[in-house]
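As written, the chains take the letters A, B, C and D, and residue 1 is the first residue of each chain.
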Amino acid sequence: MDIGLIGLGKMGSNLAKNLLDHHHNVVANDVNPDAVDEVKAAGGVPAYSVTEVVNQLESPRAIWLMVPAGDVTKQVVTELRDQLEAGDVIIDGGNSNYKESLARAEELKEKGIHFIDAGTSGGVEGARNGACIMIGGDREVVAPLEDMFFDITIENGYLHAGEVGSGHFLKMVHNGIEYGMMQAIAEGFEILNKSDFNYDYEEVARMWNSGSVIRSWLMELVQSAFAKDDNLDQIRGVMNSSGEGKWTVETALDFETPAPVIALSLMMRFRSQEDDTFTGKVVAALRNEFGGHDVVEKS
Amino acid sequence: MDIGLIGLGKMGSNLAKNLLDHHHNVVANDVNPDAVDEVKAAGGVPAYSVTEVVNQLESPRAIWLMVPAGDVTKQVVTELRDQLEAGDVIIDGGNSNYKESLARAEELKEKGIHFIDAGTSGGVEGARNGACIMIGGDREVVAPLEDMFFDITIENGYLHAGEVGSGHFLKMVHNGIEYGMMQAIAEGFEILNKSDFNYDYEEVARMWNSGSVIRSWLMELVQSAFAKDDNLDQIRGVMNSSGEGKWTVETALDFETPAPVIALSLMMRFRSQEDDTFTGKVVAALRNEFGGHDVVEKS
Amino acid sequence: MDIGLIGLGKMGSNLAKNLLDHHHNVVANDVNPDAVDEVKAAGGVPAYSVTEVVNQLESPRAIWLMVPAGDVTKQVVTELRDQLEAGDVIIDGGNSNYKESLARAEELKEKGIHFIDAGTSGGVEGARNGACIMIGGDREVVAPLEDMFFDITIENGYLHAGEVGSGHFLKMVHNGIEYGMMQAIAEGFEILNKSDFNYDYEEVARMWNSGSVIRSWLMELVQSAFAKDDNLDQIRGVMNSSGEGKWTVETALDFETPAPVIALSLMMRFRSQEDDTFTGKVVAALRNEFGGHDVVEKS
Amino acid sequence: MDIGLIGLGKMGSNLAKNLLDHHHNVVANDVNPDAVDEVKAAGGVPAYSVTEVVNQLESPRAIWLMVPAGDVTKQVVTELRDQLEAGDVIIDGGNSNYKESLARAEELKEKGIHFIDAGTSGGVEGARNGACIMIGGDREVVAPLEDMFFDITIENGYLHAGEVGSGHFLKMVHNGIEYGMMQAIAEGFEILNKSDFNYDYEEVARMWNSGSVIRSWLMELVQSAFAKDDNLDQIRGVMNSSGEGKWTVETALDFETPAPVIALSLMMRFRSQEDDTFTGKVVAALRNEFGGHDVVEKS
């Protein structure tokens, strides 16, 4: 089928190639014309502006966004909103907050434009060769696109999860779980690291990936990481985060649901981004006040 | 090779069959003679007492224990200690605390008896068809047994992790990670459950197992569990625990290492075992004291 | 001075009496006319509608709201907005979210109406005899009201904390700290409760209030609660929460600051409100899947 | 009464003066003879060895230890054990683990020597002018000493909590609560610190100490600390810990009781003692593996 694709970064460009492999006609756009040319070279139709995407597709159009969540998504959707016609479909493949997606769908509905939220997992490799995609949207809007979704996902990797919003919600929770799993794994390796035993972490990860209860793709990545740097001496333990982990915790708060492991996973990331903390200073000062305990003076 | 096997429960009986499949000569014992007879029927040599195990093996003997950690392991090791000879090997395949294994090795060394700690993962299925085994022990003690270890494990599922204690330590940490991963996954599904969306959890798990970052054996088990009971209506959320999660947290405390996710995973299990808490009563009473907030009276 | 007071619940009615004690002229209103009559009997000027409050005060008016945060506050402010004149002041003494207060101040500014946010602590007793009040607002707006604020607060219990919003922000954080302190205290008593020792909790609290590091008003309330019910047998440990704890955690997330203790205090409250959890069911089902561990069937 | 006092550090020397103020006859010893001389100058009886303490007291002796918990306490008790007679009493005023105190009492009982565990709070100032002391011991052993205990404690600051061990247990839990309260307070100030408002922390603490729900001795110490260094710029946020917080968490684990706030308070202290973490490296490496996210290279 014909599909517009806006956003040709790491994820988008690979998705374009994946679509092209499956004989879809991809009208591809990016703010960076070189990225457009690259997809053109791979067989895609170049579009050097959002308008060119719209103009090179016939209604009902399907346009997939693979741009950063937040302001950029907002801006592109606004631009499309002014140019699309009733019956066209916007698929947001980014990590947008599901509340924004719900609002966006409402807003587009006023013009008769359909909205689908597509949470995408599996990384760059998945985008290229078979992604994992969780879709939210009306049955009748999603149905004509399903063959295309099946084409670009791996077996069982496509799910029409429910109504609009349910796809991004599911991706959000997926990432929340991911935070918890990663922190659990990492805490385990820290305990190994602090022990008197002398483990070969790559070998440990390989063994754990072979028949143990904790075998997982993340553990395979641990194995791969230790294969490259056997004690991770080259990097600092600064754990950045994008928005989904935070949204998951906020959602848990909204639902008045305890999610201690996901919350702590996120908070330990925040902690890792600081060298020193005011919390620590207050506690240290307090200990000094009541017990005369030494404080560590600022050097 | 000839191997003694004491403890023919779910894990032990399957391990026996696994060993027999690989043409090892298994002298099998259990407190339950029926379990012994079952292994006999499968081709094993029956032993109706620990002494019969010892007597039917020639020195240097290798005797694998698959009995519950703690008192039972202690008792069996004590009994063996009095009957074995220098050069014999005891392999503890249970979930013993690594500190006990270290002490046990020292104690046995006085009589020249060797000790190997074998952390075993992969569940009943693994024991039967290919386990994941992490071994601690002296190189020269482990070496003659390695062919046997390779036989009963799946590819890459055998690791000689290091000195005595390192196998049980690794298994302990494995279980700590497992606690964290399980709690992370479960928190995620609780958030899905509290949402207004109407997910099919089995389908969600299947999709997440297909190309997503959180694909894992545990997620496969989630899929299987939801396949049987699509809303888990049949069971209560009481999360029991055996010792390894607790030991992992204690070890983190000993190492002065934060392990918040593993610790909280364990504590939420404890919480699930209580209907009401004194903590909650104190907070509720306090809120009533200062703010006149209503308390929930005991019905 | 003349002051309007809207909202005569537990806090408001006591604040009215406190103001009257200090010879302020209180024009008092509540949706419940009986509450108005009660303040009238105590010497206040009755107002049976918001309009009557406005009409019985001369410009520049000062009107204190002691109504529930959220919708009610919004509604009363909207009503006042239409009736007040430039130079009048609205003091929000409720537990409003500081972000709403910031927005409210902006909105009122368009009409020249001033806004002061007043976080109030100390409970009903404090409202009556000397509260603790943290004020956010412009210096020149706050200044003419300071004598009144000093009158109704205890020594050092009044603070002009900073600009608009800073009062409610401070109250929010105060409550976040309170959550953490309460949970810490409660966890301690639970550990006492689980021990083999046979403590008299009232005596313990009295002793801890007498010279120990953890002496505090909250511990005094613990003492008082145990004096009434020595084992808290009469109540259930259901810990409710109003919004401030949640807002504190959300603010920490916004600031990318770890606040694990405040977050967990809140989450344990959420947990206490549930009899059973989906999280627990998922973990229990998983344990059953991989280890054949028994699950607790629903009775 | 006559009392031996071993250990004249910050706490012990002030306790000696407190006892002398109340006309008790203090036979004082320390490894540092200067400390002994100081007490001598204040009116105490000098003892330059444990033996001199024993010899200068008549049976039944009461000897108070104010030495570091752990090895030093063990060593002094062992020395005393060999020299004391049946009916003598050892009072351990240090922060010993209650399990050790229980074992110690058993051991001393074999020689007829009594043991009392005395948890002491209130810091140096309390030791000097009125401490808070929680006592574990047999009724008949404690009774003859109670006048002395009342003398050196502030009103209501003395509690005979129960049997041997109950005093140190109570002190342990006291410190656990203290950890939680301190972390809660500190997290609150960190959130203030991260906000756009410009708080004067000393003033905030003073106000919160005046009528608010969170008024407490710890908040008074916060006030004092900020009075000295208004932004705590002079110190680093390294939060050390002695053993009681850890023991409280271990005890919670032993009782299978959730104590998330106390546990996290401790773990954040551990975290503060590290510049970088292996946990963080593993998570950072994983993010790089699956998402191509940048890692922070070691400089």
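Worth a mention:
Going forward, a residue touches a chain if its C-beta (ideal position, glycine included) is under 8 Å from a C-beta of that chain, and two chains touch if they have at least 3 such contacts.
Note that the structure is a prediction, hence the values are computed from the model and not measured.
Looking at chain A and chain D, the chains that touch each of them are B, C.
Interface note: chain A and chain C, two copies of one sequence, contact each other through mostly matching residue numbers (shared numbers exceed half of all numbers used). A separation of 48 Å divides the Cα centre of chain B from that of chain C.
Centre-to-centre separation of chain A and chain C, using mean CA positions: 38 Å.
One simple way to say how far apart two chains are is to compare their mean CA positions; for chain A and chain B this gives 34 Å.
Within chain D, residues 123, 183, 185, 187, 190, 194, 213, 217-218, 252, 257-260, 264, 267-268, 271, 277, 279, 290 each touch two or more of the remaining chains. Taken as a graph of touching chains, this assembly is complete, with every chain in contact with every other.
On the chain C side of its complex with chain D, the touching residues are 121-123, 126, 130-132, 134, 136, 153-159, 161-163, 165-166, 169-170, 173-181, 183-185, 187-188, 190-192, 194-195, 197-199, 203-204, 206-219, 248, 251-252, 255, 257-262, 264-265, 267-268.
Listed in rising order, the residues of chain A touching chain C in the complex are 213, 246, 249-250, 252-253, 256-260, 263-264, 266-268, 270-271, 273, 277, 279, 290.
On the side of chain D, the complex with chain A involves touching residues 10, 123-124, 182-183, 185-187, 189-190, 193-194, 217-218, 221-222, 224-225, 229, 232-240, 260, 264, 268-269, 271-272, 275-293, 295-298.
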